[in-house]
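In the two complexes below, subunit A is the common chain; its partner is subunit B in one and subunit C in the other.
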Partner chain A sequence: MRSVPTWLLTAALLTFFLGPFVWQVLTSLRPEAELTAPGLPRALTLEAYRSVLGGRPFLHVVLNSLVVATATTISCLAVGASAAFALAKLRFPGRSLLLGAALAVSMFPPIATVSPLYLALRAVGLRDTLGGLVVPYATFALPLTLWLLTSYFRQLPDELYRAARVDGCTPFQAFRRVLLPLVLPGLATTGILVFIFSWNEFLYALTFISSPGKRTIPVAISLFAGEHAEPFAEIAAASILATLPLVVLTVLFQRRIVSGLTAGAVKG
Partner chain B sequence: MTGQDASRAERLQAAFLVAPAVLVLAAVALFPILAAVWLSLHRSILVFGEERFIGVENYAFLLRDTRFLTALGNTAYFTLVAVTVELLLAMPLALLMNRAFPGRGLLRASVLIPWAIPTVVAAKLWAWMYNPDFGLLNQLWPGRDVNWLGTPGLALHAAILVDVWKTTPFVALLLLAGLQGIPQDLYKAARVDGAGPWRVFWRITLPLLSPALLIALLFRTLDAFRVFDAIYVLTEGGPANTTETLSIYAYKTLMRSGNFGYGSTLSVVTFLCVVLLALGYLRLLGRSGVTR
Partner chain C sequence: MTLERVSKVYRGGVAGVREVSLDVADGEFVSLVGPSGCGKSTTLNLIAGLEEPTSGTLRIGGVVVNGLSPRERDVAMVFQSYALYPHLDVRRNLAFPLEVAGMPRQRIRERVEETAALLGLTELLARRPAELSGGQRQRVALGRALVRRPKAFLFDEPLSNLDVGLRAQVRGELKKLHERLGATFIYVTHDQAEAMTLSDRVVVMHAGEVQQVASPRELYLRPANTFVAGFFGAPRINLVPPEVLGLQSPGEGLEVGVRAEALTLGLGEAPPGAVRGRVYLVEPMGSEAWVTVEVDGHRLVVRAAADFGGSSGTPAWLTVDREALQWFDAATGKRV
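Here is the complex of A and B:
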């Protein structure tokens, strides 16, 4: 390691990891006529962005993604927080069984559940609805939620819980009034990870949604087609727009995300 | 605690608190797996409304299905190569991020970007760079017009590169967390003993990092084995099925051919492969836990 200068290694890694993204930004800013020209663009234009936001129902697609990801995050945290509290602080049989089962579920390949979920959603009339996406998303984000939140609740001293019980709280009241407010940062970290997972999910969204008006961002981008040739600049602009919220979120909450990711994995 | 009644009340409340999570996991994760197994024992074509029980006939067909064997081989190759390259790249990246130097914050934030963006976007972004006519890669190699995604043998490697770009940061962050858990005293002692950097790496860093390495390996292997998004966007399994993985083949059988019986068989087999891989890793992890 010593023989390679740090700056050289850093520059190489930055080029590899950021380069393609920068190139995509440049593509999105190229004038149509210049797309096929080699090298750096000679002129920049926002034409592709105007076209993506104007002519096509892209804002609608962003809204769909926003609705699905927000609903998933909220339901996942609601279901996960109470269970994680019980797993961390209460004594009951089957605790490690539940955590083990959650871990097993997190390893399921999504393709394995596609056919029955498709038939089930169709049977209850949820196929081709955004709600039909929230149910599987929340389920498959639940294992990570349980593991992370359980570890956050475990970090709180048991005395807090016992003191609340001595003061006359039921376990549920101790959870709601005393412990839950203290894990808000952990709740935020978990929420960010669940949000990113749902924002990016592709297979279920591709399979369960058929109306173009209900597509989420990954599906819309994968099916982005022009009238004649593939509109590279518009695809680039759409993907930058779709990615921007994630990039901002990631840069802002970098520390949180890293700690959540590694805690979720290392404690597993 | 405060007596029999209190602990019984607590157990009751606990059951109440975990019930929603248990129900959701059972209904939307466990039940579909069992339903998929049941479906795989049927001949079921959705558009014809045909459905009849045929036992293990689909599984018997699987063994004669060369397309399945190709997909299995592609998936295994993709997983093996992608995960190996990711670990080899993530190691220096993690060691670098573990050192204090100006620009470390920038590096950490930057590597998170490939991780954060949707795989579909990552694949589109690379597809544009792979474009045989105007792509950046062919611009950098003037005179050599390589059709990255259209050449059998090359396309799968192009897909592997996208996976490496997208997920190496995650592996590096896992390894970084492992590195930060190694006590600094050990390094000081090694320096006092006059051990060189390579010796320190092989004798201290690597052995103490092995649990984190194994966990990263487990997560990445299981994740790579179910690869779908990137390949679907890049090639849809082409050219000539040379990039078709199990998930892609199962998806096409289910959603394009509407063959829910055989498609479910392929899904179940993918699931079983993942279970076998997970069990193998867990045994390894258990062993490394014992030796520590």
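Here is the complex of A and C:
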């Protein structure tokens, strides 16, 4: 039997985390007339969803977000995994310095980097392109990627790397054929975090993109308000739609994340 | 295979090994033995190409291999933890070195099946390492080395993760395997009994330096110094000042080494020439008993019959076989 305090704490936590989400769902389903009414809605309608998906280029916005977040995640993991492998398993001078420097980069407040980045992106012709979001996103997500993946690689026994080398692998082959498959759970976890970061990012997306056709979800939702009087239901519906892919992604990879793929690598 | 004054200083100044020189003949079984941290694994890694020596020359088959990658050295290694690839089944684990070398599929298949049959792994080919027992994993690790048919095999404490019964069995199998293959085996262990029973020659290491290279018999009978003398043989050799045993010292500042079997222990009336002491500890070993006797504040271990009647505190006497004494310089530990 669970004790009463545990039970209460669980309930409180669930309310804290799920409450706003539930409220959002309810808001998105209320008929327009009831929007500001207190309590549970008396009727439910999908009007807001119809309006979001039909009346605006919302699917196009979702697609933009998907492209940006996917490209960011893939480039981050590609660069991050090879760098993390080198940091964790190879010996070269200055590797702790490198990890420290990566951490320092992630300390810059984004707001302080907006104008220089804007100028830089304009100079290389990436302003107002989706690529112009991928580059800074990947840059800012890389330190976290590096730290997480380095710790995943460190958990793999050194002898696995050595065995692969003695079996004839070059360092890169040892990485690709032996170590990389073993950090797949780590890659999935890290990838989801990077994906969520890019999916939710607002400041750069607002500043660097001017064409409505290239907006990403957070910016598009924030601009609903200017166009309609009180689009609460639609904002709620759009938020729900924007959250769903993340939920699906996390659930899909959950098994990967918790699986102990490395079991049996060494004695035990 | 030749090591010529090979040293390895790790980053930060830790000396892994110092000036190791060693000649290994083709087909020889050589053990590296010594306490933990003495540089055994470092030596193996240097041979395998996993570490580069800071100085010295390494030759395999007459060719200088300094600077060559492990791939170019054609040696196989079995690791203490086995280091099986956990995401691959036994078949793919065995095939791995051949795949990396780019061997055609059909030949890989044949080699893998041949090796699996030799080691009794045929039934297990479809299993993942996680689904194997310790002994089975050890076999797969061995198979992954065998399948390549390399010039030399390196073993880094391959048996230390097995339980005692299995260890003795696999030890015997390894020796038979060496006879059958006729390849060079370099075998690292911290267990003196393993080194003794397996090898043609033993390299005793201590604190990164080679103490002695000799046959097991030679090491036991003529150890180069007190470290080697103390490392080989169970119970440990007794090292005491000669006067404790009533012996005439042939020189200044010497210590005498007496193996347990060179001492005779008795209770009651002492024969002439015996020294007197008291029983300090009795350890029954089944077929015999190891008795520690305290003489003049020095403790000596003696073999006695399994039904030895004394117990702690019993007065006892010892006689020494004067033919079986070994003399060492008390200050340097060197044999004289």
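Basically, the second predicted complex is superposed on the first by the 238 of 268 C-alpha atoms of A that agree within 3 Å, B and C clash if a C-alpha of one lies under 4 Å from a C-alpha of the other, contacts with A are read in each partner's own complex, and residues count from 1 in each chain.
The criterion applied here is as follows: a contact is a pair of C-beta atoms (placed from the backbone, for glycine too) under 8 Å apart; a residue touches a chain by one contact, two chains touch by 3 or more.
From a predicted model like this one, the values you see are computed outputs, not experimental measurements.
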Classify the contacts of A:Arg91 with the two partner chains as first (subunit B alone), second (subunit C alone), both, or neither. both
Now for A:Pro157: first (subunit B), second (subunit C), both, or neither, which partner does it touch? second
Once chain A of both complexes is superposed, is A:Thr170 in touch with subunit B (first), subunit C (second), both, or neither? both
Who does A:Leu40 touch here: subunit B (first), subunit C (second), both, or neither? neither
Check whether A:Pro181 is in contact with subunit B, with subunit C, with both or with neither, and answer first, second, both or neither. second
Between subunit B and subunit C, more extensive residue contact with subunit A: B
Subunit B versus subunit C as contact partner of A:Leu8, first or second or both or neither: neither
Residues of subunit A contacting subunit B in one complex and subunit C in the other: 91, 165, 170, 261-262, 265-266
Touching residues of subunit A toward subunit C in the complex: what are they? 91, 157, 159-160, 162-170, 173, 177-178, 181-182, 261-267
Note: in the complex, subunit B contacts subunit A through residues 1-2, 7, 9-11, 13-18, 20-22, 24-25, 28-33, 35-36, 39, 92-93, 95-96, 99, 101, 103, 106-121, 123-126, 128-129, 131, 133-134, 136, 139, 165, 168-170, 173-174, 176-178, 197, 201, 212, 215-216, 219, 222, 225-226, 228-229, 232-233, 246-247, 250-251, 254-255, 260, 263-264, 266-268, 270-271, 274-275, 278
Residues of subunit A that touch subunit B when the two form their complex: 1-2, 6-7, 9-10, 13-14, 16-18, 20-21, 23-24, 27, 35-36, 38-39, 79-80, 82-83, 85-87, 90-93, 98, 101-102, 104-105, 107-120, 135-136, 138-140, 142-143, 146, 165, 170-172, 175, 196, 199-200, 202-203, 206-207, 217-219, 221-222, 232, 235-236, 239, 242-243, 246-247, 249-251, 254, 257-258, 261-262, 265-266, 268
Any idea which subunit C residues touch subunit A in the complex? 11, 45, 48-50, 69-71, 75-77, 79-87, 96-97, 100-101, 128-132, 134, 137, 144, 148, 154, 161
